[in-house]
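In the part that follows, the structures are each spelled out as structure tokens.
Shared chain: chain A. Partners: chain B in the first complex, chain C in the second.
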Partner chain A sequence: MAISLGKLTLGRIVQAAIVALVVGVVGFAMMEALPGDAAYRIAAGRYGYDMVTGAAAEQVRSELGLDRPAAERLLTWVGQTFTFDLGQSAVTGERVGHAIDHQLGHTVELALVAVAVALLIAVPIGVLAGLRPGSLFDRISAALAIVVRAMPAFLIGIVLMLVLAVELGLVPAAGHGHGGNFVLPALTLGIVLASVLTRVVRNAVAATVASDAFQFALHKGLPMRAAFLRHGVRNAAVPVVAYLGVQMALLLEGVVVVESVFSWPGIGHALTHAIFERDVPMLQGTALTLGLMFVLLSFLADLACRALDPRLNT
Partner chain B sequence: MKQPLHALALALLVAAGIGLPDAYAQTRTDVAVAAPWHVSGIDPAQDGYTFQRMEVGETLVDADATGALRPGLATDWTVSDDGLTWRFDIRENVVFHDGSALDAAAAASSLNRAMTRPGILSSVPLEAIEADGNAVVVRLSEPFSAVPAVLANYTTMILAPASFDAEGNVVAFIGTGPFAVDKVETPLSLAVRRFDDYWGEAPAIEAASYLSASRAETRALMAESGDADVAVTLDPAGYAQLKRVDGIAVEAVSIPRSIVLKLNLARGPLADKAAREALSLAIDREGIAAGILRFPDAAATQLFPPVLKGWYDADLPPLAYDPERAAELLAGLGWEKGDDGILTRDGARFALTLRTFPNRPELPLIAAALQDQWRAIGVDLAVSVGNSSEIPAGHQDGSLDVALYARNYGLTPDPVVNTVDDFGTGGGDWGAMNWDAPEVAEALTAALRQSDPEARSAAIHTVASALQQELPVIPIAWYQHTVAYPVALEGLVVDPLERTYGLSAVRWAR
Partner chain C sequence: MRLTVEELSVHAGSTRLVGPISLAIEAGEPLTILGETGAGKSLLAQAIMGALPEGLTAQGAITLDGRRLDTLPPRQRRALWGHEIAMLPQEPWRALDALMRSGEQVAESHAIVAGEGWKTAEARAHDALSGLGLEERAMAAWPGALSGGMAQRVAFAAATAAGAGTLLADEPTKGLDEARRDDVTALLLRYVEDGHLLLTITHDVAVARALGGKVMVLKDGEAVEHGAAAEVLHAPKSAYGQALIAADPANWPHIIPQRGGEPVLVAEGLGIARGRRLLLDGVGLSLRAGQRIAVVGESGLGKSSLLDTLAGLIPAAGGAVRRLGRGAAPFAVQKLYQDPPAAFAPRVPLAESFRDLERRHRISRAEREMLLERLGLSPGLLARRPDAVSGGELQRLALVRVLLLQPAVILADEPTSRLDPVTQRQVMEVIGAIARQSNVGLVLVTHNRTMARRWADSTLDLSDYTPLRAAG
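Now for the complex of A and B:
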């Protein structure tokens, strides 16, 4: 039943290749299917809408070869991608690889801080709730988690901005470049992430505490605290880590909105603008990077789970 | 349960404290600007306006806050008697940010390179731009009175030869302005520092930053929290909120940008002049201006706003709101209300689709108001909110019925260039569509070629009154440009032409 590490790695590499192909082809097909003339969209992105005219659009069309058949353009992209060349942005002319290099760095920084914030919030609350399932604390934390998860990320962002930046003047409202700029976007993303993570921690802890092994530890006379640290944490951590790996999708969804609200120069912001502006090379590049990141993160989560639970390796 | 939550709140506040901006209240030497537009690249053809507004790049001709032309990198200009040759004398002792000297050759080569990109120069009948001694000579195939105005547009900013690679791509933005580029982080930010060898008066501030904050809420909150000093283009809610904040000044100035409805006159119902007049009479401009834009004065009485001196015509009878008269006019054209309350004629319904876009947040709201107001006279208007570029695309392929947008007539200090593009023969992507008005095209050509002020103003009067009577586009409102800044930031002048944020003239009060 268990898979060897080698097989797992190989499987993930195959998966990465499939993801790359699917993202590339589906992304391209979706951009083709969107209504409207891409040459005009790109011209609007490049020159601002006061300057978009039929003439500017035609110049864009001939420069980028947009009148070539779709299949030919897709094959060109696939060919380039095999040589690790993501091409040039249709709007800014910047090398896509170079642009993503910057943006991904900013997004990963933000995501890591957000995960840390989420863990800081979710672990204490989840553990306390999970140790006493059904208690008042458990029910209140459940209600809060639902309320927060139901709120759009940009609303949480604006509320935090109002309270922490405008009313209290503690942190900068938006922007990038200072350490303080991390606080609000990371807190926003962390809170969104924590809403569901709290429940996952709580369930994992509750299941662990109810397990025979844990009950035996209590029966043999260990105090609750010692029993939980010795026999509970590691068991409960496995589903939490597995879940965090999957949660990256939610994080990326949040990143798209939160980066725009806080003017954070990350990959989510780049992705949305690439869609608006029909910047196909940029969209393909960002979507591909995000897809591969997703594969990498689930692989890392697998490895972490195996480290936590040796039974998975046998 | 209280303890862990308290501890958590405390931990978060401590974590938040790491980035506290200290020494905030002391005298400062920098200014932060927040605006909605991206810094997509460093090519003047692209987001050049940001480099112009941040005073990094300069043009041969400059304009003051009233739109009057004044010397920029050219100290003087003259035109030959046949109107075909313009000479611009290049200012001496000007250096680029890389230390190289500005001369006529550098200016001419920068302009020649601009000609290869989309921009305002493509509207000029150019033969050649050359250096001749210390002057740049512009040769035309036919007279064009607005050459100096065109050379004030941001796409004609003069960059140092070292700014371009062999293919003419911009590799660095090396201008001549009072501020030099410190760092560009596409697409969101730009940092500039004072250029000590500037030819004009040195700025008081040492550095400035530009941040693209696409959400209006973000910009307003940044202004309120002090993260942005100069916040531009506020939404009505943010403007009202900042007005109540102590220490922050808000200003709204009328700019040469008009919110208009473009009509495809090839659509049956829109071909009749009386039908267009009826549609115009059915629009409650004051209601839209007061309710959506929150500036009652923004209601347009004609296409060109008063800020466009020489083009705004105080003698024109203002556009009025009279839905009853509108209904009479339509009845006179044979339109009758059907069972669903929508007008029909010969079995065809009076139904149109309007295209607009959300980048300017008030446009979809105005579209909804128009839908409601036209429905009252029996016109069925479907609203499609998409991308701005669908309007010129729909103009080109003929699929457009009606479009709502804000048109900038201030791209050059003299709007004749845009006006010819929009209302000249064949109309324009952002102007008339299938409107046949040879007398207007003729008057526009006259305005374009004539340098004589009287003949010019007669021609402009012909254009403005024809637009008012024929309504190839229906004016709705005049755009208000809104800016918020701290009271302590002295000397800030809001430029109605949006050519500058005025940073070289500001200083922080003690």
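Now for the complex of A and C:
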């Protein structure tokens, strides 16, 4: 059933608020649940492992108010967040909002290139497989997709790093700064996304080509090529775009892992470090940004589906 | 012009699905193939077209104007599509691309298939569609907004734009009410008058009668009768032909209308909406015990939604539904569904479904056995799963299931539209008789007005209650 655009937008805004609250609270609770004394870890983050002393830890504790009850600290964070203030990093003292400002740009860059790579892999393979379901090509691509999907992202990243950077020396292994640095993280993330996306494209194309509408397009005399361009692409794109929206979760998960593997200075990288260093404000800030990005990207996918399918607008 | 088919049969591996069939069609003399639903009639059209689904093969000679088609390589056969031979789809709503405006779907046939420039193509498409009585508004609409009749006209214009002289129409009136059905047959007749070849496949005897020419009756994939329409339709020789003609609602005996007992279900000023769109407004209905009411109207008008509102499954957009007397009891209003297999749990033996129902409602097994006997069903059927029972039997089992609850009202949503005519008649007779005997009020939703007239005590025409929809 069609939902008006206003209702959809409102729904997404409410959803964003709920995501923000849940991510903040759960992130906080998980950090609290970790064993060990956070003050020591933070001090280690600030001064290095060899320099941590009891006195330094105590100083961190009193400075950050870690001895205050957990509920009080959480409420302070919620209150701040409502005024769009994410606080300061417990380790560097940098404003979290400022740090994210930098990281977000890098992450979006990487994510966009990765989605482009995923589409470049998934669309041709998916279309070819979908036009001939059950063919050898279809079955090989299905097997590959399953193998790739079954491998964790960091493993794919390390394999690519070993082959392309270490053995062949084609690209730098890690880092950020010039174009060559894009290759490994974007390729890794792109391959991870492409695995399932290929199958989605394949299923969408196979269903479209088998549909009564497509068969009728052929029966009325359109050549295969014209029929596919005019009655296949757009129809198959609707489920693919809808799936891309859902797949954003996989993308964000991949960002965290891949950025860490390749030392890419984005949000995912910052998030992992915040966990190691018990930097609660940084963790909450980065997790919140990723959560909101997910809501925003799903919303964009919804809008794209509406642009493709007029039935969703009536 | 002439199309001949000799000993045509369709196979899946080594299994013969339909045929062998021989037929000949001349210009001006259409051929209509009548037969059971699902008896392979569609495969015949696809075999002639050269558009069989993968895995199926055809044997036999197909000759169009002295040229053998069956021996042509697939690419050359496809090259004939639209230019010399065209196929009108079964369900035009599904055959049109939902994401392209209807006018453009005709224009592209002119432009790409007939090779006219896009400007000319658009103008020709416009002329063709207005010639078929379609308004500008309908040409600019997405297919989902068209009525079934309009969609079929768009499909016709799109299929024949490049001047195909042979048309294969596969159940072209499926799901249309009589008025729309007659529109489509008129369209086909005009095509014949233009000197073209027409092969129509249908299970509707009325369509065959209207088209005239020749008729072939198919049973179990074989022709049991073949001859001039007037002869076959008036004096069929084969037993199946006779049953088929007798099963045409126009040949059903006239009903003696009855008033029924006390009222069980009353609706006043009922409004039916889908989302925010009001489909029907001001519908009034009063159903008495033992009475049969038919609700008629074209597909998409809101017939099924009305039934769901009467059943209390969706809220009314206006007015009220009241259950009175016996109708007020908790399980007194029951539904019979359109697609019998979809109304049963698919992987469970039927007996198990019945046992669950009887346990839930504390009904004795004897009751079930009595009902099975009354409806002429063998108790052995219950050992099977729903997909191993024929559609007619399954619909009667659904009726048994409903009757076990001793309803005061049965709401039947096109209960026979997926059944072939002979089975349809049997099932409708059983439903009607049981309702009278058990004093159950029946509301039947159907798009077949003739059936409604012959079967129901009174008829409610929903097209009188549409607030928005333009005629088309």
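What to note about this one:
Throughout what follows, the second predicted complex is superposed on the first by the 313 of 314 C-alpha atoms of A that agree within 3 Å, B and C clash if a C-alpha of one lies under 4 Å from a C-alpha of the other, contacts with A are read in each partner's own complex, and residues count from 1 in each chain.
Methods note: a residue touches a chain if its C-beta (ideal position, glycine included) is under 8 Å from a C-beta of that chain, and two chains touch if they have at least 3 such contacts.
The structure displayed is predicted, hence computed values, not measured ones.
Contacts of A:A56 after superposition on the shared chain: chain B is touched, whereas chain C is not. Of the two partner chains placed by the overlay, only chain B lies in contact with A:G45; chain C stays clear of it.
Judged by the touch definition given at the top, the superposed model places A:H219 against chain C, while chain B stays out of reach. Greater residue coverage of chain A by touch, when chain B is weighed against chain C, goes to B. Against chain A, in their complex, chain B makes its touches with residues 1, 4, 8, 11-13, 15-21, 34, 37-38, 40-41, 43, 45-47, 49, 118-119, 122, 169, 185-189, 211-215, 217-218, 221-222, 224-228, 357, 359, 386-390, 392-393, 395-396, 405, 407-408, 411, 421, 428-430. Chain C makes touch with chain A in their complex at residues 49, 51, 78, 81-83, 86-87, 89-91, 94-100, 108-109, 112-113, 142, 144-145, 155, 158-159, 161-162, 164, 274-275. Only residues 35-37, 40-41, 43-57, 59, 91-94, 99, 102, 117, 120-121, 124-125, 128, 136-137, 140, 158, 161-162, 164-166, 169-183, 187, 260-263, 265, 269-270, 273, 276 of chain A touch chain B when the two sit together in their complex.
Considering their complex, residues 1-2, 211-223, 226, 230-231, 234-235, 238, 308-311, 314 of chain A touch chain C.
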